[in-house]
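Paired with chain B in one complex and with chain C in the other, chain A is shared by the two complexes that follow.
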Partner chain A sequence: MPMDEKTKTLQEDFEKNFADLELVIGWETGFDRLHATPVFIRQPSELGKLVWNPLCSQNLSGYLAKNLDASIQEDGKKIGICVKGCDSRSLVALIQENFIDRDRLYIVGIPCEGTVDLRRLMHLKPSLENVRKVDIEGDEAVVETDQETLRFPIENVLARKCLRCLYPNPVIYDTMIGTPLKPRISEDKLYSAVEKFDTSDRKQRLAFWKTEFNRCIRCYACRNACPLCVCQDNCIAESRKPKWLTQRDGIREKFLFHMIHGLHLAGRCTECGE
Partner chain B sequence: MNKKRDMMISETGTQREKEIKIIGFLCNWCSYGGADTAGVCRFKQPTDLRIIRIPCTGRMDPLFVVKSLIYGADGVLVSGCHPKDCHYAVGNLYARRRMELLKRFLPFIGIDTNRFRYTWVSASEGQLWQQVVTEFSEEIHRLGPNAGLNEKMDAETALSLFNTK
Partner chain C sequence: MRGKTFIAHDELPEVLERLSKTMDVWIPTAINDEKCVIQFLPYQPDRLPVLDRQSTMPPKKVIFPQVETLLHFSRKKDENDPFKSHIELEDEEEVSPVLVFGARPCDVRGFLVFDEVYLNGPYKDPYYAKRREKTLFATLVCETSDNACFCSAVGSGPADQTGSDLWIIPVDSGYVIEALTKRAENLMPEMGKDATEAQIAEAQNVQKKVAALHIGEGDLTQSSDDFEDRFSDNEFWRDMAFKCISCGICTYVCPTCYCFNITDEAKDLDGERIRSWDSCMFNHYTREASGHNPRPSKLERYRNRIGHKFSYFPKKYKGMIACCGCGRCIRRCPVALDIRNVVLSLKKNKENVDV
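On to the complex of A and B.
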């Protein structure tokens, strides 16, 4: 099913069911057609804003636990939410941990062919502008602008998490838009990069993480985007009591922050790649 | 004046070897008692261990270990009640899961996993405690001081890192 049709089906489905819903969380077109951004819809007249395309990369399930109290059902009204395969797995984890009541949700699952990493796209085509549409057709990402139609092999423009995605289809949903897809990668190849890394020298590994973490500016956006980082204001990275991290800069604090994030997600992470 | 002070520093610096610091997290009910037993029995023990008493090994956050090692502790020893002997029934079982996770995680982030050890010592096992502490201290002395995140790479390793990227 082409993207436009999916968007239409998505809007129609929510229109049909809007009487039971107090809120719909989905994606809309951002400040231009090359960006998608989360949208919260409370009026049926605004449903036309909803879109579905390969730019809808944000995992929306985090909002349910962090910004809305979706753990209890009050007036019988539900929250409608759009999920990709990876997002649906986060949703399951949040339901298991009792952050969300399943009965409170109306889940629309969308099988996903992968999301486009804008940074990779802009790297290939820095002068990209006046984009009209981005779509995925088979092994190619198609970008239509006012002037021309560009085609890129998906290996070059998809987010890396999407290239090694094992769950393109939602694992939990009330309605599915489109037909289920086959994953591009087999399970045994999933962690080949990690396995390769594991064979390197210990000092090399430490040096690698030091280089990577040195880029961190501790803006905590990774924590805010992570659907399972649910401590909110009680996050130990920011609390003074207990005091884990100081305001000092330098690699030690950055390193420790990422250890906190990593170990707090150990056994819980669903690898949504946010 | 400054010159004199620098000389003094360098003299004392050469005289004294860098002291090894090992952090021990001991549970209140078993291992802390075990260490006490070892002391009461006057068993000879290495002096590198700094003990932190915790209510139960279930209190152990793997991050305690990670933070100690990042901030330059030379070794971390965690010790609690034997499985099934926990004062709070299951605290040490939670701890065991976390510590096993950590043992696999440390090599991944490039920290020598030999600097971290967890054991079970009960309050009556003074002798065993002496043995555990002596062995672990010897191991840490063999590994030398922990450079932590300041670890320098030799030129060859640095080059190979550059090549694989």
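On to the complex of A and C.
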């Protein structure tokens, strides 16, 4: 199903079911057509804002646990939420951990061909002006501007997690928009990059992690965007009692923070890439 | 005053190399040639400047490091009485002269906001002052804007020379350089060779073209009263802040955000008192010793961010708003929260507001 049609079907589905909903969480076009942003709709008249396209990268399931109390159902009304394959897996984890009551949700699942990583796109094309539309056609990401149509191989512009995604289809949903997709990768190749990395020696691996973590500015965006980082304002990375990390910005602190983050997510992470 | 000079593209590393012999030269640069993340780092022969796009992080840390040591302390035990000790402090740190090469007008404008608070107020911040005094800015006239940029909407513009010491204008074959302040003149002999008439004329055209650009819509500078009217409209602030995920990236990438935290980081008998960037988006920013927090949710915290930049600050500092329009907070926000939209919305649908 083409992207515009999916957007339309998405809007229509929520219109049909809005009487049972108190809120719809989805994506709308952000400050330009190259950016999508979460939208929270409380009036049916605003459903026209909803969009679906490869820029809808944000995993919205975190809002259910962190912003809204979706663990109890009071008035019988549900929260409508749009999920990609990876997002739906986060929902499952939050339901399993009793942060969300499944009966409180109306889940609209969207099979996803992958999301565009804007940093990778801007690296290739720093000034992208007057973008009208971004879509994925087979192995290409297509960017339409007022002036031209640009095509990029998906290897170069999709978020890396999307290139090795085994779950393009939602694993939990009430309605599915479009037809299920075939994963781009087979299960046996899923961790080939990790396996290759594992063959490098310890020094090389340490050098890799140091370079990667050195970029960290400790803004905690990765933590706060993570749907399963549920400690919120009580993260031990910031607590002074007990004090695990200092306020210093050296590699030691950054490394330790990411180790904490990694270990707390071990066995829970759904690889949404937020 | 010496005239304008010219640096050809291939001569730029040479010039930076020469300059870096006498001062620390900070340039916007990409690590591993991955232009996804561009930050200001001291020039080294293997680091090339990236001047074709705005840096991911502003040069804020050059003068206001993310972490700086204010003093070292060590407890010395009394040899005769082990229950007694005294503290020795050490707080002198030398600062070298610095040139920031290739910042943009918005980046430099950020420091004008800092100056009001750290230099011109009743208290002068000695740590900021000593770096500020020794730092020169060679600023690039800004030809590359995107949809998140809005420097003209905050009273500046892509050709705004305020706060800069040297002015860099890209022309076809290189850069034309001009000294704007007296203290920058000494550097001119190092800045390539004299520019030709034709290069100067080309540069003037670029400057004129860029100066005519208006980047960003509307005027965000007169929002103070609207903010005050909106202050207690909780529904408005709930809607505005709902998508915010309470991370600190908007404040960390902001050239004007100047809040800091001070902590003692000690081990055994020795330690340091450090100052590090803080963020008003974090819960513990206003958490008091008693445990009470006057800004307990992101509604209050986000409202404060808007109020501080567009109302409290201009009220206190001669109408200057604490925003330089660089757009980084919009561009880098994980959920694309648009501060312009929030400020412009202050004015909308005011009939619902209890004034």
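Going forward, the second predicted complex is superposed on the first by the 274 of 274 C-alpha atoms of A that agree within 3 Å, B and C clash if a C-alpha of one lies under 4 Å from a C-alpha of the other, contacts with A are read in each partner's own complex, and residues count from 1 in each chain.
Note that a contact is a pair of C-beta atoms (placed from the backbone, for glycine too) under 8 Å apart; a residue touches a chain by one contact, two chains touch by 3 or more.
Predicted model, so just to flag it, every value in this text is computed and none were measured.
Look at A:215: by the touch rule set out above, it reaches chain C but stays clear of chain B.
Contacts of A:76 after superposition on the shared chain: neither chain B nor chain C is touched. By the document's definition of touching, of the two partners only chain C reaches A:35; chain B does not.
Of the two partner chains placed around the shared chain by superposition, chain B is the only one that A:204 touches, whereas chain C remains out of contact. Put chain B and chain C next to each other and count what each touches on chain A; the higher total goes to C. In the superposed pair of complexes, A:244 makes contact with chain B only, with no contact to chain C. Look at A:138: by the touch rule set out above, it reaches neither chain B nor chain C. Looking at chain A, you'll find no residue that touches chain B in one structure and chain C in the other. Of all residues in chain B, only 62-63, 66-67, 70-71, 101-102, 105, 107-112, 148-149, 151, 153, 157-158, 160-161, 164 touch chain A in the complex they form.
By the touch criterion given at the top, residues 197-198, 200-210, 244, 251-252, 255-256, 259-260, 262-263, 266-267 of chain A touch chain B in their complex.
Those residues of chain A that touch chain C in the shared complex are 30-32, 34-40, 58, 62-63, 66-67, 119-120, 122-123, 126-129, 211, 214-215, 217-221, 223-225, 232-233, 238, 240, 246-250, 274.
The part of chain C that touches chain A in the complex is made up of residues 31-32, 34-37, 52-53, 57, 66-67, 144, 146-148, 239, 242-243, 245-249, 251-253, 261, 263, 265, 274, 276, 279, 282-284, 330, 334-338, 340-341.
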